[in-house]
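Working notes, structure below.
Letters A, B, C, D and E name the chains as they come in the text, with residue numbers starting at 1 for each one.
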Amino acid sequence: MTAFVGRRLAQALLQIWGAITIVFVALRVLPGDPAELILGSQATSEQLAGLRAQLGLDDPLPVQYLHHLQGLLRLDFGQSWRQGMSALDACLERLGPTLVLSAWAMVFTVVLGFLAGSYAARHANSVADRLISVSSLVGQALPPFWIGIMLSLIFARGLQILPSTADGTMAGLLLPAFTLALPFVGWLGRLVRTGVLEEMNQDYVRTARAKGMSDGVVFYIHVLRNTLVPVVTMLGLLMGNFIANGVIVEVVFAWPGIGRLLVDSITFRDYAVVEAVLTVITVCYITLNLLVDVLYGYLDPRIQLENA
Amino acid sequence: APGGAGAGSGSAKDRPLSAAFNQPINDLDPHGASAVDEASLLANRQIYDTLVTRTGEELAPKLARSWTQPDDKTWEFTLRDDVTFHDGSKLTSADVKASLERLAKSDGPQKPLWTAIDTVEAPGPHTIRITTTDPLGTLPTNLTLAFILPAAQLGRADFFRKPIGSGPFAVESFTPSSQLLLKPVKNYWGGAATLPGLRLPYIPETSTRMTSLQNGEVDVTWIIPPDELKRLAGVDGVRIESKPGVNYFLAWFNCGRKPFSDARVRRALYHALDIKGIVASLYGDAATVMDAPIPAAVFGHASQQPYAYDPELAKRELAEAGYSGGIRTSMMWFKDTGPLATELAQSLISAWAKVGVVVEQQQIEKAAWIKRLTALDWDIELQVNTVTTGDADYTLGRLYTSTANRMGYANKELDGILAQARSTADQEKRKSLYAQACEIIWRDAVGVFPAALSSTYGLRSPVKGFSPAANSQPEFRTVSTAQ
Amino acid sequence: MTPDVTPLLEVDDLAVEFDTPKGPLRAVRGVSFQVDEGETLAIVGESGSGKSVTAQALLGLVPPRARVTGGRVAIEGRDVTGLSDREWQQLRGERIAMIFQDPLSALNPSLTVGYQIAEMFRRHRGLGRAESRRLATELMVQVGIPDAARRLDDHPHRFSGGMRQRVMIAIALALDPRLLIADEPTTALDVTVQAQILRLLRQRQRADRLGMILISHDLGVVARAADRVAVMYAGRIAEVGTVAQVYERPAHPYTLGLMRAVPAVRDGGGPLVAIDGQPPDPTAPPAGCSFHPRCPFARDRCRESEPEPREVAPGRASACHFAEEVIAGVHTGAR
Amino acid sequence: MSTPALAESRTGPPLLELVDLVTAYRLRGGLGRAGAEVRAVAGVSLDVRAGETVGLVGESGCGKSTIARTIVGLVRPSSGQVLFEGRDLATLPAKELRGLRQDIQLVFQDPYASLNPRMTVANLIKEAWRIHPGIVPRDRWDEEVRSLLDRVGLRPEHAGRYPHQFSGGQRQRISIARALAVRPRLIVCDEAVSALDVSVRAQILNLLEELRRDLGVAYLFISHDLGVVHHICDRVAVMYLGKIVEIGAKESVYLRPSHPYTRALLSAAPSLDDWRDGGRQEIVLSGDVPSPLNPPSGCRFRTRCRLAQDRCRDEEPVLLDRGTAHPVACHFPETDPS
Amino acid sequence: MMPLKLRGRTAGLPPRAHFALGTVLVFVVAGVLGPLLVPFDAAATSPPDRLLPPGTRLSDGAVAWLGTNQVGQDILAAVLAGMRTSLTVALVTVVVAGSVGLLMGLLAGYFGGWADGVISRLGDIQLAFPSLLLAIMLAGVLGPSMTNVIIALAVTRWVIFARVVRGSALAVRDREFVDSARVMGASHGRILIHYILPSCLPPLLVAATVQIGLTMVAEASLSFLGLGVPPSQASWGSTIAQGRDYLASAWWIAAAPGAALALVVVSIGILGDLLRDASDPMTEL
């Protein structure tokens, strides 16, 4: 087990390094100059050159890359020129709200997805099953921002029962978290449905029946546990999707999350922040997947064998 | 009642007033990278004070009781002696000196305003003397942007996370690009604010911002998109106030490039536009058709004869200039430059197409736009420009000289007039000089100046004592929420 | 076989059908047999002949798309056709238990072996966790799993094939059932391990006087482990009899064919006599005797009417029109 | 049954010869470090002469398939040699190797997995000629397909069908036809009849027998079914955990097994006649086969052997004829008939 | 293989399959013919005709059946033109990403070893970014244009296809029928094309179908953030994104393209499901 975790850790570090490199290269090779954005359109060329030197943008790329990596080792991503603070701080400040939102979206997704999925599986091919299946497709077919704005128009502007922006209360969380969760509820539901149906056909289910176990025991203790295995691996991916789709929800509901910070920072070529945000997200995401893998090993003991 | 039913914070008396501008406050360093962002200025005006302020056309004293100009290059300001920072310390000339020097040294976008500063001295605790390398008539105007910070605390690394100023409101908490929470300062020298607090949230999505106003989550919001004005006016509990603004659309021609090096082509393109019609249908009450290269609300504005909408004339002029076969060119802009920018661009382009000028649409990203703009790598460009100081110098004097070379236009005569207007301290004289400048720029059709945007504010009915500001930076000291 | 004692299991004219896209598939057709206490009945037959479906029907556990279309099953004299789910659950594990061919897939991969054994005591007997564990350990020792106490918390994948099958046997025997159904319990195992498992089953069966149904397609295994044997072909029982009777004098040409197609370790090495052709498509069985297309002795009657199983000697049944001729070796001479 | 041709071939030079063959699989290791090595075949020497059938028996995991895969070149040997007509396949130039490949063919266990489901029977057979042009001229392909199908007992109209339209036995016939298409001299049958039902199995065994008689192909016949091996083979090799423990003429091994493992195997193998001698003393081995990852020291069988002594732990027995009429790898071979 | 199978089975298809096929067909035909019948010129605006509700007569006498947008363009024409863009973006993205993924997946799955190592790690690294974020970064940095949207989306998607293909290649690689081709002496090329590839195509096709729908939605999301197709090219995504400010006042701007998008994506999703069901026994083989 430790060897397995160790290897996954090494792999995670490699992933993080790769991600950092890709971001670094993408940002410097592609067009756009932060010095011009900082100084505005009226700056002279000497001013620009001076600022570039100050920002370290005129070093050759490999040198910049080295500085960058050195900085990272000290957890130093540089200053955000736009916000006048350390890029990492700027980013960590926004991480909390994003994680809160994602976590709630995850709760909604898992609860609703499991309910819908196992209901559909136990009533396979019924009208309800079909309905769940079609609505899950529709949920994925609508652009998330459209869903968000519609929900906001209905519940905040029309019925006026929920706030349209983050106000720190549970009510303020409801609309954004639900908007974020909606496309994935159906997705998870389908996953659970297929998983349950597949597991129901396994030999061990027949054994459990032959042992005289009741339907409830067979479903909740034997089947569901094994259905969790593929589903749990998906949760890591899901969290990543929440963070990413969070961008849109954050814009619609004025949620002070990390996604909006990223989009703004890209538009303003605030490299330090872009790099900090992407690194932080990547680290979160990879850590989460690491946890999921470990959990996975716990849920499916066969995994350990393969990797031992 | 629609009074914040969903806001979750009720309408208790101690609820801070929520005021949502349509742009984010990125940072609170008034000398930093966001020093001329309207949103940052809005925040800065609540937290800090300047020596001088503008009331309508006139400059008025603020931290400075009065000022004199002993000679061409020297200014002397006498400061108030009853001003304290939020932490209780006295504001003295040392703070002003430190602030101005910091500003002059900074790399931020205000830098061009302060390059002429030679020395800043503090001969007495309440006297400040500024010398410039060249005569600088606009210094008092520029000082409306120079916010004064406590000298003693400037070195603190995290000062701007929760900065201290001498303004009517003190910072309670700040999340960049998201929310600024302020509380009133009890003993503000100009009279304490009556609000229990002030919340400046940033709501990026327009429709959400409108919803928040409607269900009472915010009490004031501006800018209202033109298409929402009429609808909101009919909503219970909401009222609209507006004021001619200092923001305006301009579409420069790259005068250094063919075919726009020929003034006839530029004028022809102006004649091809039914500006009145376009502006009326796109903006309605939210904008006014311009009659000068700067909005009417700006000091130095002088009305010019509008270009008549005459497509036939435009075609004739184009033919005269040798372009009877039409022109292929392009126009660049970035999406968020102003309300309905894309729609305006498309309308201009559509109108030009009718006289044989085919314009490629280049909606690009802000970073790329700035890069190409400064490199003069464009044919036509559309943008919303802001006369931040409210003075023609900020726009005409800064952008239209041959040394600035912002749009390839070079005119010795104009250079002379603008230089003179900058060095003169006599406001009447400056006014007439800018009138000449307006006329030259208008006549030479350096660009098309379609519309000046009004500053439109949506307010919930309990909000009292609010006066809309032309520069989108309203004052909240005088506002109250009567029930 | 004393007639006045109720047999442990009585199956009478059992029929099971599958709904398939091609129409109904009659997997089991009119199967009858009985099993007495302390007796091992083997069911042999080729793949698809309906052995497993029959076994599952005895536990009321036919697959989702299958349904029992007729017949009667009585366990310890009690008719179990039409029992409710609850009643079935009480019967399974308590009175009648089953072990399957592939012990890896038949065990739940994510639960420990100990849990899966202890579950029997917890759910059926309502015993506590500790007590169930103790009993589970005891059982594991009984079925010959070394180091039982420590292996209790291991997952099935950590056991070898033979050990897994021992776990399955432990689960099946946990509640002292009267009837054990073993569906190809050794097919997935090596010969040496197969011998271990067969011996274990035999020991337990003798000790507890269990009635056992041993399903296999290996005539050798049956010869070694069973008292009586039923040969199945295409959903029907071709013949039933004691092992000695059937192996020495088959009463059905199919059995005869099987016997001559098996190369044996100790045979003379003469050419094998294969049964021609393939087993019939179960959705479209041939008219008459389903074996007739492959039967070297088929006559017109075989093509026209399907032979019903009938008693051809005491305790012996055959479903061949000409069973007596086959027994007598008229056509071939017995081996 | 030993035909005259057979007796002759046994004295000829070996067609296939394995010399101290070792084949190892490397298990997936962690990042940057090599995983453990499984020596699935740990030094096997064996030969097959033209027209001869050699049986290879042993329990699951003892390395039978690995030997087969090594012979046909699907895995590389770690050491030792695979000689075909005296030529080492490992050192042969690629071109010659390609030519040699067609002389050895492999028939797999699973008749459902070993045929490309997307090819018709005709295409499956022709594939061989596409890969090795020159065996059969293109204009005679159809004719040849028909004759091959006939050879293995299928009808010509089967040529246009896909594998899933056949039963297991028929598929195995197709596999054999496919192997025959390149006119091989040696066919390695890896559990070729294990998945088949009794009645069908006999058909395939008879077919293989017939092909040997008519075409003179040799077989390396891998199986765990002692009855089948006894039926079809001339010589038998018994494997345990990567090594051959006993090898010799069929009669000799079956009638006078000398290695305790062979004895146990034979005793455990079920037979039709078992019902007769119900009380027969059977040898039931205890425990399981050890993992090939770390095999026991000395004699690999000693952990399950009832005769094991200290010597067995310390010294690995080599394959020698110790007065048993055929080679045995045991320090204490039993010579009395079982 | 697939079309053949489909044709043979059309008769027995469930009703939802007919619905889905019909919808997709109608949209494709409309996308091809529509712009010929109702031409759309992104450069032609008519400010006086702004924001007119469906069925209004325009200043030039024509009737705007689906209303007009914020610059007075006919929504019907915009939706028809937008379909082309949206479908093009989706198809090109999926084809590009699918081809790259297919190649990479085959290399990784078939050859294994270091090729697999490099490709899989690359995929891992890329999957360390949530895909929309990567698309946002690329589209943001490259600037808005149809090509850039395609690049950004394709870059985020090749991994999905590569994984699918690698999975099936890996599963097939060690199958006995492939081994038997090797034993026969078949070359790598032959094995790849005749043995591995055919088994990888059905799952690839299923994945591609699903991705077409998701790509269309992703394009809309990019447009919402201002990183999508520029306004000079109408696309469903950008029309919905532009119409969002008018959801309360001029709902018809976003409604028509929104409904069209949802309908197409749902239909494609249904087709994907059916394909998956139909190809399952195939992959079993």
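Operating definition for what follows: contacts are C-beta pairs under 8 Å (C-beta built on N, C-alpha and C of every residue); 3 or more make two chains touch, one makes a residue touch a chain.
Listed by chain with UniProt protein names: A, E = ABC transporter permease; C, D = ABC transporter ATP-binding protein.
Remember, predicted model here, so these are calculated numbers, not experimental data.
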| item | value |
| --- | --- |
| Chains touching both chain B and chain E, listed by label | A |
| Central subunit by CA centre of mass proxy | A |
| Contact-richer chain pair (by C-beta pairs counted) among A-C and D-E | A-C |
| Averaged-CA centre spacing for the pair chain D and chain C, given as whole angstrom | 32 |
| Averaged-CA centre spacing for the pair chain E and chain A, given as whole angstrom | 22 |
| Approximate Å spacing (C-alpha centroids) for the pair chain B, chain D | 88 |
| Chain centre separation (chain B, chain C; CA means) in Å | 90 |
| Sequence positions of chain E contacting 2 or more other chains | 140, 143, 244, 247-248 |
| Interface hub residues of chain D, defined as touching at least two other chains | none |
| Touching two or more other chains - residues of chain C | none |
| Touching residues on chain E, where the partner in the complex is chain A | 121-122, 124-133, 136-138, 140-143, 213-214, 217, 220-221, 224-225, 237, 240-241, 244, 247-248, 254, 258, 261-266, 269-270, 273 |
| Chain B-facing residues of chain E, complex | 42-48, 50-51, 70-72, 140, 143-144, 226, 230-232, 242, 244-250 |
| Of all residues in chain C, those that touch chain D in their complex | 46-47, 160, 162-163, 190-196, 199, 217-221, 223-224, 243-244, 247, 257-267, 269-276, 278-279, 294 |
| For the chain A and chain C complex, residues of the former touching the latter | 202-204, 206-215, 217, 221-222, 225-226, 229, 299-302, 305 |
| List of chain A residues in touch with chain B within their complex | 31-33, 36-43, 47, 50-51, 54, 81-85, 90, 93-94, 149, 152-153, 155-157, 160-165, 167, 169, 171-172, 251-254, 256, 260-261, 264, 267-269 |
